[in-house]
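What follows is chain A paired twice: with chain B in the first complex and chain C in the second.
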Partner chain A sequence: MAGALPRRIIKETQRLLADPVPGISANPDESNARYFHVMIAGPDESPFAGGVFKLELFLPEEYPMAAPKVRFMTKIYHPNIDKLGRICLDILKDKWSPALQIRTVLLSIQALLSAPNPEDPLATDVAEQWKTNEAEAIKTAKQWTLAYAQA
Partner chain B sequence: MGGRQSSVAEERPRSNSVDTAQVSARHRPNVMTAAELMQTMRNARILSSSSDSNGSEDDAGPSAIHGARQIRGMNIRAGRIHSQHSRRSVPVFMMDMKCPVCHKVVPSDDADIHLVMCLTRPKITYNDDVLKEDKGECSICLEDLLAGNCIARLPCLCIYHKQCIDDWFKRKNCCPEHPGDD
Partner chain C sequence: MTSQRTILRMNEQIDRQCPICQCDMLLPVPIPACNHTFCYPCLKGVSMQNMDCPICRGPIDHDSIVRYKQPNIDLKMPCPLDSPQPIRTRPNNGDANQVVVKDEPIDEDVKPDINALRAGTSNNAAVAQNVAPPPAQNYWLYQGRSRGWWRFDPRTEKDIEEASSNNMPITEVVICGSRYIIDFSNSIQYPKDKGINMKRNIRRVTSAEFDSLHVKGIAGVSK
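On to the complex of A and B.
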């Protein structure tokens, strides 16, 4: 049995809906207020520009003492995101702090799309391609964006 | 497909026990093992006990026992680190070690010094206070910090509801807004 929804979650949800982050939408599920349907627009100047990426975000029972669980639902060619959509981002793991919020987490993911980091890879094959032939990697990322990330 | 699955299972220690960690480390000789961690700890303990006691064997006895107890604790945690990292597809452990105390990732060359520093570092404490005037929002619960609320003042001058920071300190002893200061 889930307890009552903490006031912090209600507050964050209200603020996200009233004052959304540019290029990001996050809407709570009708049947579960801890589950959010997220859309992130690929940042301009990145290989993901023009794409719309669907993510799921879940606030665990321990939130905000534990990080939200976030996953890409849309296929994406990125060195820090694997085939299952799992994201390699420090603030979702050991660098989590309760002063962070859904808003800041989604902003960080948006920033990760602008700045892929092949030195700390999750998808090793993608990271390898990114390091050895960046032009080709960017080309593939653009192709995937066109093929899979169209709204 | 079946072969791949079994190799994955082999790399993942099923428990946090010392034996499991050592067995799986044998597959990857460059990984920092629980045994190495233990040796590091032992060296550090011997150094500190001999300098504290001016080399007297009588004094070194009890602290060595105390050291052994600490080492056992470290071993268990070392097993856990190993299992976390074996989920990754690249053995990052060859270059880095995640500190079991502060959870920072440090180069394995600095691991022994870092561990000693971490284990001897004093915990962050705070001063209790009752607010005399409203002070904006608590960044943990997002509720207002109101006059009359019981709050905690951290060394970085951040303030939170006492209950909020107590909840967080159960997980990690650092300021939510200044995690690097710990």
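On to the complex of A and C.
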């Protein structure tokens, strides 16, 4: 028995396609309307500038009562993103609200690239480096951006 | 350039929209403590999951939501126009994952709608009547826990009617954040995760039959 795609997901998808967020693209998969292929451009003035980062975003059955599941597919050197691309962001966990949307989630991730938070790490070794030697950490992040995040 | 009229219309649109389902508000209900307003079925879904206000994270008094009454409720209210048809996956074409996207008016949002704008200054029932003149209508009801009948909310009703007119044996709807199976052949509904033990009777009625029954309210909101 095939379920219907909720109206909210249809509306969000239409708006994302018609009125995209600058520096972010999100396209539904051809075979699964709950799965989105996402690209986020590294923000200017951040170590990720010039990079294009691929992510996957999945809307679980309970969405919007439960948060979307989002993961970086592109390797990234960031204290709040681990080796598997998992993201440490409160709104994706206990601070989720059904008034948030795909758009606001992706904006928050874009903001996280601009403002890494080593005090709340997911990748502890990266966070350690970020706290003890920020210049070196930023240099590594730039190198990784050049090596892995070129479109 | 954004004209003043456009700005007014956008504000009106935002005020009418439920932050949870992002459609025109259906049975709008405020949270007593903070006054943030949502569709009743959306707010009930949030409240049943013990979540806080989706806007300000303030507390929700669950009892007041469950007991909510609307004395002047229009039991035959039409479905708001702003209710795009859900996209259904087609079960019989061999590829169960293929999504069939229907042609639909993509941006009714963007079209000027003077009637809705004017009506927006009066009450919500008037808005609904202006934007969606009801055709010869049938109603879908479910049986109350004790006795009597409730009407499904008009948006869910529209989905059920569509599935029924497509001769689907069963369909699935989301009510207050939970999935329900609508079983047309047995005229019952039940929560998908709890199963058939929680079944309730459902029926499709004409307007005259609707009047002859004592319909208690819509989707849990009683008169």
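Following the convention adopted for this analysis, the second predicted complex is superposed on the first by the 149 of 151 C-alpha atoms of A that agree within 3 Å, B and C clash if a C-alpha of one lies under 4 Å from a C-alpha of the other, contacts with A are read in each partner's own complex, and residues count from 1 in each chain.
We adopt the following convention: a residue touches a chain if its C-beta (ideal position, glycine included) is under 8 Å from a C-beta of that chain, and two chains touch if they have at least 3 such contacts.
What you see is a predicted model, and the numbers here were worked out from it, not measured in a lab.
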item: Touching partner for A:P121 - first (chain B), second (chain C), both, neither; value: first
item: Partner chain(s) touched by A:D94 [first = chain B, second = chain C, both, neither]; value: first
item: First, second, both or neither for A:A18, with chain B first and chain C second; value: second
item: Touching partner for A:K131 - first (chain B), second (chain C), both, neither; value: neither
item: Contacts of A:R7 with chain B and chain C, given as first, second, both or neither; value: both
item: Chain B versus chain C as contact partner of A:M65, first or second or both or neither; value: both
item: Which partner reaches more residues of chain A (counting touched residues only), chain B or chain C; value: C
item: Contacts of A:N32 with chain B and chain C, given as first, second, both or neither; value: second
item: Chain C-contacting residues of chain A that also contact chain B; value: 6-8, 11-12, 64-65, 97-99
item: In the complex, chain A residues that touch chain C; value: 1-8, 10-12, 14, 18, 30-33, 61-62, 64-65, 97-99, 101
item: Chain A-touching residues of chain B, taken from the complex the two chains share; value: 88-90, 98, 103-105, 139-143, 164, 167-168, 170-171, 174, 176-177, 179
item: Touch list for chain C against partner chain A, complex; value: 19-23, 42, 45-46, 49, 51-52, 54-55, 57, 83-84, 86-91, 95-99, 106-107, 155, 159, 170-174, 177, 179
item: Residue numbers on chain A that touch chain B, as the complex places them; value: 6-8, 11-12, 64-66, 94-95, 97-99, 121-122, 124
